[in-house]
Amino acid sequence: MRFGLLGAGRIGRIHGLNVAARADAALVAVADASNEAASALAAVTGAHVAGIDAILADASIDAILICTPTDTHADLIEAAVSAGKAVFCEKPVDLDAQRIRRCLKQVAQTGKPLMIGFNRRFDPSFAALERRLRAGEAGAIEIVSVISRDPSPPPVAYVARSGGLFRDMMIHDFDMARFLLAEEPVEVFALGSALVDPEIGQAGDVDTAAVLMKTASGRIAQISNSRRATYGYDQRIEVHGSKGMLRAGNIHETTVESATVAGFRADPVQNFFLERYAAAYRAELEAFIAACRGGTAARPSGLDGLKAQILADAATESARTGKPVAVALEAN
Amino acid sequence: MRFGLLGAGRIGRIHGLNVAARADAALVAVADASNEAASALAAVTGAHVAGIDAILADASIDAILICTPTDTHADLIEAAVSAGKAVFCEKPVDLDAQRIRRCLKQVAQTGKPLMIGFNRRFDPSFAALERRLRAGEAGAIEIVSVISRDPSPPPVAYVARSGGLFRDMMIHDFDMARFLLAEEPVEVFALGSALVDPEIGQAGDVDTAAVLMKTASGRIAQISNSRRATYGYDQRIEVHGSKGMLRAGNIHETTVESATVAGFRADPVQNFFLERYAAAYRAELEAFIAACRGGTAARPSGLDGLKAQILADAATESARTGKPVAVALEAN
Amino acid sequence: MRFGLLGAGRIGRIHGLNVAARADAALVAVADASNEAASALAAVTGAHVAGIDAILADASIDAILICTPTDTHADLIEAAVSAGKAVFCEKPVDLDAQRIRRCLKQVAQTGKPLMIGFNRRFDPSFAALERRLRAGEAGAIEIVSVISRDPSPPPVAYVARSGGLFRDMMIHDFDMARFLLAEEPVEVFALGSALVDPEIGQAGDVDTAAVLMKTASGRIAQISNSRRATYGYDQRIEVHGSKGMLRAGNIHETTVESATVAGFRADPVQNFFLERYAAAYRAELEAFIAACRGGTAARPSGLDGLKAQILADAATESARTGKPVAVALEAN
Amino acid sequence: MRFGLLGAGRIGRIHGLNVAARADAALVAVADASNEAASALAAVTGAHVAGIDAILADASIDAILICTPTDTHADLIEAAVSAGKAVFCEKPVDLDAQRIRRCLKQVAQTGKPLMIGFNRRFDPSFAALERRLRAGEAGAIEIVSVISRDPSPPPVAYVARSGGLFRDMMIHDFDMARFLLAEEPVEVFALGSALVDPEIGQAGDVDTAAVLMKTASGRIAQISNSRRATYGYDQRIEVHGSKGMLRAGNIHETTVESATVAGFRADPVQNFFLERYAAAYRAELEAFIAACRGGTAARPSGLDGLKAQILADAATESARTGKPVAVALEAN
């Protein structure tokens, strides 16, 4: 399978290198506003540097990886599927649910595969947990808890154009909650505070937040987020059901443990999302290729992207108004 | 110090035996509606069996332990402090906050110590965590999480007269959240479902619940409860602050671990609250005696009991109405 | 059952209090060279202070707890069984295997129960591990590992008359290895060094030691000992068999864990043997009473005491000569 | 740096792919008795297939990776250094210490770098532990423990020509013990049994073994090996010193943990050495390249290979004779 990559920044580089490392795929062309970034990646992957239009027009290219800034995603998805390409796009499709709906309509008309980059579903531990959950190991699901803490807050300038914590950061956890709940949330209640960086609050956003959601049958999801965790990138899930609990968590930097008069000490957990989710990014690409080849639906789908966005919008509104917000995801 | 015990049921028996095991205290008299229960406890502690009135009238008795049914607590507290006794009373003071307020007013007039049995504050691990939190080890508090799952649901008949999960079970977690937050909640949002036992739902209660609370400065508390946990009595707390995290948890039945083709297996956690909190009950009594002796205020106080009750009432209302409920604890 | 206690030092006090705390047993009399120690314990247990001869002559006493210095054990066991008492004696019976053999012969002639205080067999975790081992959970036993580290070395004066590390400290581990192996060792190889305190070396003893033993069928036991462990009293066992591994270990002081930039930190493990083995001492007494009542053999028996002593003697010799020492325990 | 690879079997393939994945190195040529194996690896690395002589004669090649059968190692090392190449050779140099000595003499005459593939030194956790040990975190070293258990025994045919467990398997642990002890062993005592597979015993080898070693200053090393571990590839080290303990261990297949009525269950540990030590093989190659570039001595050196072999020989003799064997590594 031959890939074109749009966007050679941090995450684009990861996907590009993962494509190049596969025996059954090739990175053919790379586009980026920065010629330097594009050239650097092309040099180590055997790809050539090209413009976006040229890449979409290249009939030898089967699939497009979209890793450009968020506000270009919907347009590029539409252009790529119209050009007959399979598309993998980093989350989110767009910050506006209506724009996402229009985009998905056009994707549907072309019948081309679209997969959205909710990478955490492909973390080997989270994926194994979900499989065991589906196999009934915890029984009927009662409470899903998702904890997600970034090591440190982004620059305030980034925050200002990010759509806010619920859309920028917690969107991953909304997708994870849906992935685990196996039933759509019908209500979202959110609390948010700016406790880490007062400037984030002045910019109108929060850096510490918690959400409660409920499904029609009464299942409950808890999410908590923070833009700071001194001990590493904290990514945990825990699901409680009628037969027991399944949980999965962090990986320490090494397995070394010391024991002294000060007690027992283990390393911080892996600090960087590219390290923490390295295996997830590889498995995600594998799944995209498998879906394209097998003619099966790519998951997480564009609709999964839309639903996570709707939940993030609802949480944003709930945190603003102080009231729970009803959502009706099935209707979308 | 000489003690009279009102109520020789399961929890009364624990407190009575703990008094008897101390070198600096004696259990003098035991009252119970069941003569059998009273006699059995009296026999192993060297106490005599007596009626409530006789115990309160006994000038040789310094302190009263109230372990009778909830609906007698407020009356007995008032009678005991009026008789000049120091009082330790199991939670809750009453299911009606107004009744608690009247009771506390009378206690205040007598100046006698009143301590409420929120035993979990005295769990050695939870108490150590709180001390380290106060010493600043986690920095400024951001998120407090409390998980509390009973091994199995109580009989529906009990549920019906319990005041509901939020007042009967989660009240402990409201107290724990206040203990850890070090700032009063101003808002409570609650979700509840009957997922464990449909008859609990038919009785108008829930068995699975989650709460979010916020303080004036923006600190967030998460609580989750279930009436069922197949793997033991699940009691965990986790506090996230500007410098890091402090958490404390369960104790496995033994330290034995097996490793076979099926993986690594550890024991369930301690299943029974009297075992899980045995050390807490002893430390609680120690604290009560120290407060009585030292003339210092007994903590958790009657006011702590009232505040937990108000939060439980707010959660009950929130779960019923689907809306967050504002609370103003400082005014009480 | 009515008990007389000989020796009211640290360990005697533990046993005396455990007897007094039982509903089915009473501590009747206490003897100690120090009248103060005897009186203090008598005061809190309801016992009276008496001389050894008077206690042995008291027909109302069923059982004797021997907690006096080692060099009195064998004489007191003989005197007690001759007086018709059941006997529980702290390890070791004697530092001289020949003296133990004579003592056991006399015990056998009286037919009275004799149990030796290898308390670790009664630790709830170690006992559960042994039961699961016997039930076949790890399959056929291949390697038994025992780790035992004291928090800090004893005074050199104590070391000088202790019989040496292998007889004073590792004797517990020889018993534990036999308990777990379920087959007698036939060979002992020992290494010892004085790395903790050079004065221990000058006194002719070691403070750091390791032993390898082999059974006739080829099972292997590893033991390591140190007189120092900064992180608490380190007591671990691990058994490897054809189906997998069973291990059991230490208990941390609390369950509190912190996570900061410095990593994850848990408490030291319980530091004091009386705390670490508190439950074991209670279960040990329970087993002694059950054996006396049920007419079953008390275990660990006097023969278990002899065998552990023989292994300790062999290790002492091996460390001295640098050669493995053959032992033939079945012949004793 | 341009590499030639001799031997494209399981381990050769790993090293070849690791070279090819680096930006600063290239795999130029591959030789293997099986043309299929050589071609398959050449195809995915951009190398060409060639004979050994041609590779050694190729002036454009800087370094040779020797991954051929053991009995060819010494000859190939000599040929490669004589051809002016830097050499990385899989352990062992040879099963005969005298042959190793001759080989190292010739290497020394050429002055070319020689590094031996004791990959475990490069495991990120073991390497970090060693660095922290050297930095004094555990104080003065007292006891080093190494546990190494293979998931399942090799074919008896392999065992027969392997040199025996001590030379084939425990040689890694002898190197690890030396790496951690920071002082040479002067005595080796070994016990071995055939408990896993009786045919291994009939072939004159053992499958379950334990070793004790002592250094001149009295430090003690314990090693235990088994050819079977149902729960995965068990690789643990633990070092006890005057200030405390440092340990490092296994990695579970995922972080998923279940909690049910049966207790808490975690995954088996990584089962396959190529997965368990994947990062170690990459770091090992990095170290070899750095040494070649920097003109520094490659470690582990040929002398490290010789010393591990001498300890393995001593253990083999000890297990055979039942006596400890003195070794004098510094003289080599």
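Note that the chains are named A, B, C and D in the order they appear, and that numbering of residues resets to 1 at the start of each chain.
By definition in this document, a contact is a pair of C-beta atoms (placed from the backbone, for glycine too) under 8 Å apart; a residue touches a chain by one contact, two chains touch by 3 or more.
Per UniProt, the chains are A, B, C, D = Myo-inositol 2-dehydrogenase.
As the structure is a computational prediction, the values presented were derived from the model and not from experiment.
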item	value
Per Cα centroids, the chain farthest from subunit D	B
Comparison of A-D and C-D (more C-beta pairs in contact)	C-D
Approximate Å spacing (C-alpha centroids) for the pair subunit A, subunit D	40
Touching two or more other chains - residue numbers and ranges from subunit C	230-231, 243-245, 259-261
Footprint of subunit C on subunit D - complex, ascending	140, 142-143, 145, 149, 187, 189, 191, 193-196, 208-210, 212, 214, 217-220, 222, 224, 226, 228-231, 234, 240, 242-245, 322-324
Footprint of subunit A on subunit C - complex, ascending	230-231, 252, 259-268
Parts of subunit A lying in touch with subunit D, wherever the complex brings them together	21, 23, 44, 124-125, 128-129, 132, 137-138, 243-251, 254-261
